[in-house]
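Both complexes below contain chain A, partnered by chain B and then by chain C.
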Partner chain A sequence: MHKGRLSAALKKGAIWGFIVIELIFFSIAGEYLSLSGKAFMDYDNMLLLLKQSAPIGIIAMGMSLVMINGNIDLSVGAIFAIAAIVLLDSMTWPIFSGLGDWVIPAAWLLALAAGTALGALNGLIVWKTGVDAFIVTLGAMLGYRGIVFMFNGENPTSHLNWTLVDMAEAQFLGIHTPTWFLLGVTLAIWFVMTQTVHGRNAAAIGDNREAAVNAGIRVGPHMMINFALIGFLAALSAVVFYSESGSVNPNDGRLYELWVITAVVLGGARISGGSGSAIGALGGVIAIQLLRKGLGHIGVDTSTVNLVIGLILIAVLILDRQLNVKGKGELRV
Partner chain B sequence: MATLTRQQIASAAAKQGILIAFALFMIAFAFANPKFIGLDNLSSVVRSSAILGVMALGVTFVVISGNLDLSVGSMMSFSTVVVLDLHDKIGPALAIPAMFAMTLALGALIGLLVGYLKLNSLIVTLGMLSAIHGLTLSYSGGKNMDIADKAGTWFSVFGQGSALGVPMPILIFAGLAALLGVMLSKTPFGRKVYAVGGNATAATFSGVPRARTVFTCYLLSAACVAVAALIQASRSMGAQNTVGQGLELEVLAAVILGGASLMGGSGTIFKTVVGVLILGFIQNGLLLMGLQFYVQFVVTWVIIILAVWLDIAAKRGKLWSRIA
Partner chain C sequence: MTDPVQSPVLRLEGIVKTFPGVRALDGVSFSVLPGEVHALMGENGAGKSTLMKVLGGIHRPDDGAIYVGGERVVMAGPLEAKANGIVFIHQELSLATELSVAENVYLGELPRKRFGRVDWKTLAARTNAILKKLKAPFDARTRVGDLSIANQQMVEIARALTVDARAVIFDEPTASLTDAEKVVLFDVISDLTADGVGIIYISHRMEEIFKITDRITVLRDGQYQGTVATRDVDEEAVTQMMIGRKLDLSRSALDHELGEVALEVRGLSCGELYRDVSFQVRRGEVLGFYGLVGAGRTEIAETLFGLRDPSAGEILIDGEAVRIRSPADAIARGVSLVPEDRKGQGLVLGMNCRDNMTLPQVDDLKAGPFMAEGAEIAIFDQYRDKLDIRTPGWRQKVGNLSGGNQQKIVIGKWLSMHPSVLIVDEPTRGIDVGSKSEIHKLLRALAAQGYAVIVISSEMPEVLHVSDRIAAMYSGRIMRTFTADEVTEDSLIQAISGLGDDRAA
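Take a look at the complex of A and B:
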C-alpha cells in the first residue's frame, strides 16, 4: 500500500477506532465504577445514545458541507432557537386554528423555511460582500440570538401537541424517530458530497479556491447553497427535538456551534477546507455523545466532560499534524 | 495642497469610516437624548465597558499576529472564580498573584500549542473554551463564589474604588491601553507582531521568531484576562461559573469593529478602544431610547458586517465582491 494512502486510511478509520476504544473502556470501567447494574453496551442504552446524538448530528452534517467548502457557520445555534420558536409558536396562531392536526406540517414548513432563509441570508452576505464567513456568522450569531430574545424576553415559549409528541417518541423498526432523521440526513449529505456536481465543486472550492475559479466553477452560488442547507438542517434539528420537548428556552442552542464543529473536526474535517466526510462527521458526533454518556455512566462529574472533550479536540489536532507531516514529508520552512 | 481625487477622498473616508460613523452616531444620540452625553452617563458607559475593553486589548495582539482567541471568555470565568475563592482562603494579597499565575499558565499552554506546535488557533482555543469551562466547574463544584466579608476587605478597590474622581476600572483600562499601545507601536516586539501576522513565511526568513512572538501574544492576552477578572471579581464580590460566557465573541466583535483584520497584520490598540467604546455606547444609546436590551445584538450584527464590508470594499475599490 502506498504510504500516503495508509495514512489517509488511518485517518478515516481513526474516529471509528476511537469509538471502539470508548465502548471497551466504558464497558470495562463501568463494571467496576457504575452505580447502576446495567451494562454500558445495553441495547436500549445504545439506541438512546443515537437518539440523543440527533440534534447535534443533523447540524453537523450541514457543517461538514460548509467546512469542506472552506467556510464556517457560527450561527447554527441561534438559527436552531429561532426555528424552534417558529415551530412552537406558529401552532398557536389563529390562522391555523381550523387545521386540526394539519397544523403540524404547516408549522414544520414554516420553521424549516425560517431556518433556510436565515442560512441563505448568511450565504448571500458572504457571497456579495466578500466578508469572511467567520465574521458574517459571528455577527449573525449575535443578531439572530437577539431576535430570539426580542420575541419573548427571557421567557420560554411552549406548546405541546400530543400528536407531535407521539410521532417524535415513536419507534419504527426499534429505532427512534430522531435517529431515523439523523440517518436519513447523513445519507443525503453523503450523497450530495460524493455523488453530485455540487458536492465535488464545493470540495474543490475549499481545497483550492483559485484553481476552482480558474476551472470555471462559480464560487458564490455553491457557498450560498451550503449556507442555506445548514440553515435548513439547523431548523430540521430543532423540528425533530422540539416536537418532543414542546418548550424552548431563549438560551437553547447556545454553544451548539462549538459541539458541532468539534464533532466535525473529530470526524476528519479540516478548518481550512477541502477535506471531511459525512460518515466521518457522524463518527465524530457519536464519539462525543459516547463520551458524555460514558463519563456519566462511570460516575464522573458531568462538568469533566467539557474538559475531556476540549483536550481530545486538541489532541486530535496534534495527531493530525503528526500524520500529515509523516505522510507528505517535511514541508516546513 | 494637491487636489484630491474622488477616489482618494473615498478611500480616506473609508479608512476613517469607523471613526466618522462613531462621531455621527454620538451626535445623533446626543440630539435624541441630551442625557446621553452627560458626564455621568459617559463615565458609566466607559466604566461598564472596561472589562470587555481590557480583554479586547490582549486579543488585539493575538489577532494582529494572525491568530484567534476564543477562550478569553471562559478563561475570565475561571480567573474570577479562582480569585474569589482564594480571597477567603489565603487573603487578597496572595490570591491576586496566585490567580495571575494560573491564568498565565493557561495562556502559556495555548501559546505553546499555537506558537510552537503551529496548531490552528481557532480549533485550539475552541477546545480550550470547553476545557477551561470544565476546569472552572470542577474547581468550584458548580457553586457560585462569594466573598464572605464584603465590607471588611480592600479587595473592592479595583472595581468600585476611584482616584481623583475617576473610577478605578476606567483608570486601569486607560493605563493598560496606553501601555500596550506603546508596546505595539513603538517597540521591536510590536513590530514583530505585525510582521508575523502580515506574512509569517517572510517573517521567518527575516529572522523574526514566529513561535516566540505568538507565544508572547497569548501570554499578554491571558494577562489582560486576569486584569479583567480582577475588575469583575472586585466589582461584584461574587460570581457565577459562567460570568464570562460569550464574552469572547463580544471581544472579537469589538476588535473587528476597530478594523483589525482576522487575516492578521493590521489593527491598532487605539482602534480597538474605539471599537469597544462603540459597542458600549450603542448598548447605552439604545437603552436610553427606550428600546429593548436585546435590540443591541441585532444592531451590533448589522454594524459589524457593515464595518468590515466597507473596510474591504475600500481596499478592493469596489463595493461588491469579486466572487463569481
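Take a look at the complex of A and C:
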C-alpha cells in the first residue's frame, strides 16, 4: 500500500517537477544559445506565457472533465472557431446597432450559447445513440468546421471593437484578463470535479461504468452535462482570445483538440477515464507552452518543437505504464 | 423468527427463462423468510446465476412471478431491485478503483449539500460507522485501488448496510476472504438476520453452508430440486441432490498403456496465485484438476502456456527443464491450451471455421506471399472428420455453430499443431448435455492416442468421468492427488473445501 501511495504522489507531482526542469534547462541553455539578451525567466515573459496558455488551457479544463468521465471531445477546435465567428459577426448585426457598447455582452452571450448548444448536441447524440464519443465528436469536428467555411468561405471574419480590445488587454493586479479567466476556470472545474456529486459520479462512470450503472447512476445525463460544459468552455476560450484579436480565420482552432488532449494526458489523465485532475491539466498546459516558448527562445524552429513535444508525450506514457505494471503475477498480453 | 406464520420477504414462483437452445430455468420456485439464511446451491451451470439475474432485473423471465413482502413486483432493472430492498453483493467486484472507499460504498447515492456539493462529512461519518461494524482495517478516505482484493470485497459488503434491505444476496462472498474476515462476514449476516432481513447465500463451500444457513434450495440443470432444512440433511444428501444421480463412477477404464512422463512440474509458484504446485502427466493419461473458482487452476494452465511468469519452481517437458516465455514458445514445445472462455479467448467468432482452425499456423501455410488456401482446407477437412465437427462447410462463421461444435473447432485447432500436452480448461462450460458426453469421449480418445491431457473443470461428474488421476486444489495449493480407484465425491469435496487437511490453515 505504501508503494502505491509513493508512486501516486510521484505521478501527481510529476508534471510540476517537469515544469521546474524545463525552467532550469531553458534558463541555463538560454544563457548560451539565446539570440536576444533577455533572460528566459523574466517576469513579463512568464506573465505573457500564462496569457498565451489561456486559449488551450480553458478548453483543457473541460477536456479533463470529459476524459475523467471516460469520453473524449475532438470537436472543440471547430466549436472554438464557430463561437469566434458568432462573437465577431454578431456585433455587426443591425438588430444590435442601437446598443452601443452594450453589444459586447450580447455578443458574448450569443457566442457562449452557441458553444454550449453544440457541445450539448454532441452529448445528446452520445447519450441517446450509445455511439462512442470518439466517433461522434470526430464527425462533429468535420461537420462544425464545415459550418465555419459555409459562413464566409476562405475569408476571415473581422470586427474590431476598441472597447472590447481595451478590456481584453487590461491587466488587473498585474495579470492579464485571459490569465484571470484561465485561473478562474481552473478553480471552477477543480471544484466541480472534486467537490460536487456530479463530478464524483462522472469519475465513477469513467472508472467502472458497469459499477456506476449497477449503483443506479444515470450515465447519459452526466455525459451530456460534461459535453455541454466543454462546448461552453471552448466558446469562452474563443471569447477571451478574439475579443483582443478581432479577426477569425476559418482555419483557426485546428488541432486545438490535439493540443488540449496532449496537455490533459501530460497532466496525468488516463485516456480510458476515471483518473485525472484540473490542477494536473493546468500543469500540462503550462508545460507545453513552456516547451514551445523555451525552444523558440534557444533558437529551435517551430517544426522541431512539435517533434519534441510528440516524443515527450510518448515518453511520458511509457513511463506511466512502467510505474503501473503490477509485478510478476500479471498476465502477459 | 418469533411469528410462526410469517410471510416470506421474497418469493419466486414458477420462474422460467429460456435462451436460444437452452432452458436455463424451468419453473423455479422458492421463498426466503425474514431472518433466514437461505442457501442456494447447484453445480456450475445449474441456473443459480441466471436466477439471480432474473431477480436483479437483468434478465426478464419468460414466465413466473416475483413477490417482495407479498406484493408482486416486476424487476425492470438494478434500480428497481434496490428500490424494493433487494441488495446484491457480487462475486466479481463492482468497484471504481480510483475513488475512495466512501464514494464506492455510497456510489449513486452520495449525500448532498447545497449547490450539488458532496457532503463529505456526512459521507465519511456514515461510511466509517459501517466500516467499524465490519471491523474493516481501513477508513472511508482510502482509495479502493490501494486495498487488497479481500478488503475490496469488504467494501462491496459494506454496500449491503447502506440501505434498508429486505433481502441481501451474497454470491460466493467468501471466495477471496481469509478466515478472520469470514468471521466478520458471518457476524454481519447474523446482524442482518436479527433485523429480519432475509439472506440468500450462494456458495460451494459445504462447511459454510452447514455453519450459517437455515434452509437449502438446490437447483440442477435449471430445475428446482427441492428445499430442505439444513439441520435435517448432511453433505452427502445435498451432493446427491445437486448431482442428481448415483454418480457414474464407471470411468472409462484405462485400456491402454501409459507412456513416458510428458510434463512435470516441480514446486511451481506464482506470487499469491498458487504455491508449491508439483505434478506430472504421462502420455496417454488424463489428469483432472478440480477445485473452486479462484483456486489457482486456470493460473497454472496460463503459466504452462507462457502467459504468466512463475515466481519459483520448474517445468520439465519430456524430462528437460524449460522456461516458457510466451504462448509461441509453449506451442513450439508442444503445449497447447484450450482456454476457459471459448468465445472470448478461444475463437474469433466473426471468422469462418477454416480460418479459426488454422489461426496459430497461418505463418507457415504460405504459398509464396499468399495464403495456401488448399493446405488450410485440407487441415480443416482432416480435423472435421476426426472430431466429427458438424458444420455446413468451412465457410460457416464459427459464431453460428453450437457450443459443442465450437469447442471441437478449438480442440481441432490445437491438435493440428501436433502438441504432446493438451490442456483443456472447462471443456464443456455452456455446452448441452449431449455434446458434453461427446467432448468427454473425445478427451478420452485423445489420451488413448498418446496425448498427455490436463482437464480443468469445476464440475465434479465431468472430472470424475474423464480423469485417470485428479488433483484437488484449494486456495492455490494441490491438497491431494487421487487415483481414479480411490477417489470418492466426499473426499474430493473435502479436499477442495480445505477440510480434513492441516495444510489448509
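FYI, the second predicted complex is superposed on the first by the 324 of 333 C-alpha atoms of A that agree within 3 Å, B and C clash if a C-alpha of one lies under 4 Å from a C-alpha of the other, contacts with A are read in each partner's own complex, and residues count from 1 in each chain.
Definition applied: a contact is a pair of C-beta atoms (placed from the backbone, for glycine too) under 8 Å apart; a residue touches a chain by one contact, two chains touch by 3 or more.
None of these values were measured; they are calculated from a predicted model.
Student: For A:L319, is the partner it touches chain B (first), chain C (second), both, or none of the two (neither)?
Tutor: In the superposition, A:L319 contacts neither chain B nor chain C.
Student: With both structures placed on chain A, which of the two partners, chain B or chain C, ends up touching more residues of chain A?
Tutor: Looking at chain A, the partner in contact with more of its residues is B.
Student: Between chain B and chain C, whom does A:V136 touch in the aligned arrangement: first, second, both, or neither?
Tutor: A:V136: touches chain B, not chain C.
Student: Touching A:V20, do we find chain B (first), chain C (second), both, or neither?
Tutor: Neither chain B nor chain C is touched by A:V20.
Student: Thinking of the overlay built on chain A, is A:T262 touched by chain B (first), by chain C (second), by both, or by neither?
Tutor: First partner only.
Student: I'd like to know which partner A:V213 touches here: chain B for first, chain C for second, both or neither.
Tutor: Both partners, chain B and chain C.
Student: Who does A:A204 touch here: chain B (first), chain C (second), both, or neither?
Tutor: second
Student: Mind working out whether A:K128 is in touch with chain B, chain C, both or neither, as first, second, both or neither?
Tutor: A:K128 sits against chain B, while chain C stays out of touch.
Student: For chain A, what residues appear in both contact lists, the one with chain B and the one with chain C?
Tutor: 213
Student: What part of chain B is in contact with chain A in the complex they form?
Tutor: 113, 117-120, 122-124, 126-135, 137-138, 142, 201, 204-205, 246, 249-250, 252-253, 256, 262, 292-298, 300-302, 304-305, 308-309, 312-313, 316, 320-324
Student: List the residues on chain C that touch chain A in their complex, please.
Tutor: 78-79, 82, 88, 90, 94-99, 103-104, 107-110, 112, 115-118, 143, 145-147, 270-273, 302, 306-309, 311, 326
Student: Which of the residues in chain A end up touching chain B in this complex?
Tutor: Within the complex, chain A touches chain B at residues 72, 125, 127-132, 134-136, 138-147, 149-150, 153, 213, 218-220, 223, 254, 258, 261-262, 265, 271-272, 301, 303-314, 317-318, 321, 333.
Student: How about chain A: which of its residues touch chain C in the complex?
Tutor: Interface residues on the chain A side: 1, 4-5, 8, 195-198, 200-201, 203-204, 207-208, 210-217, 274-275, 327-332.
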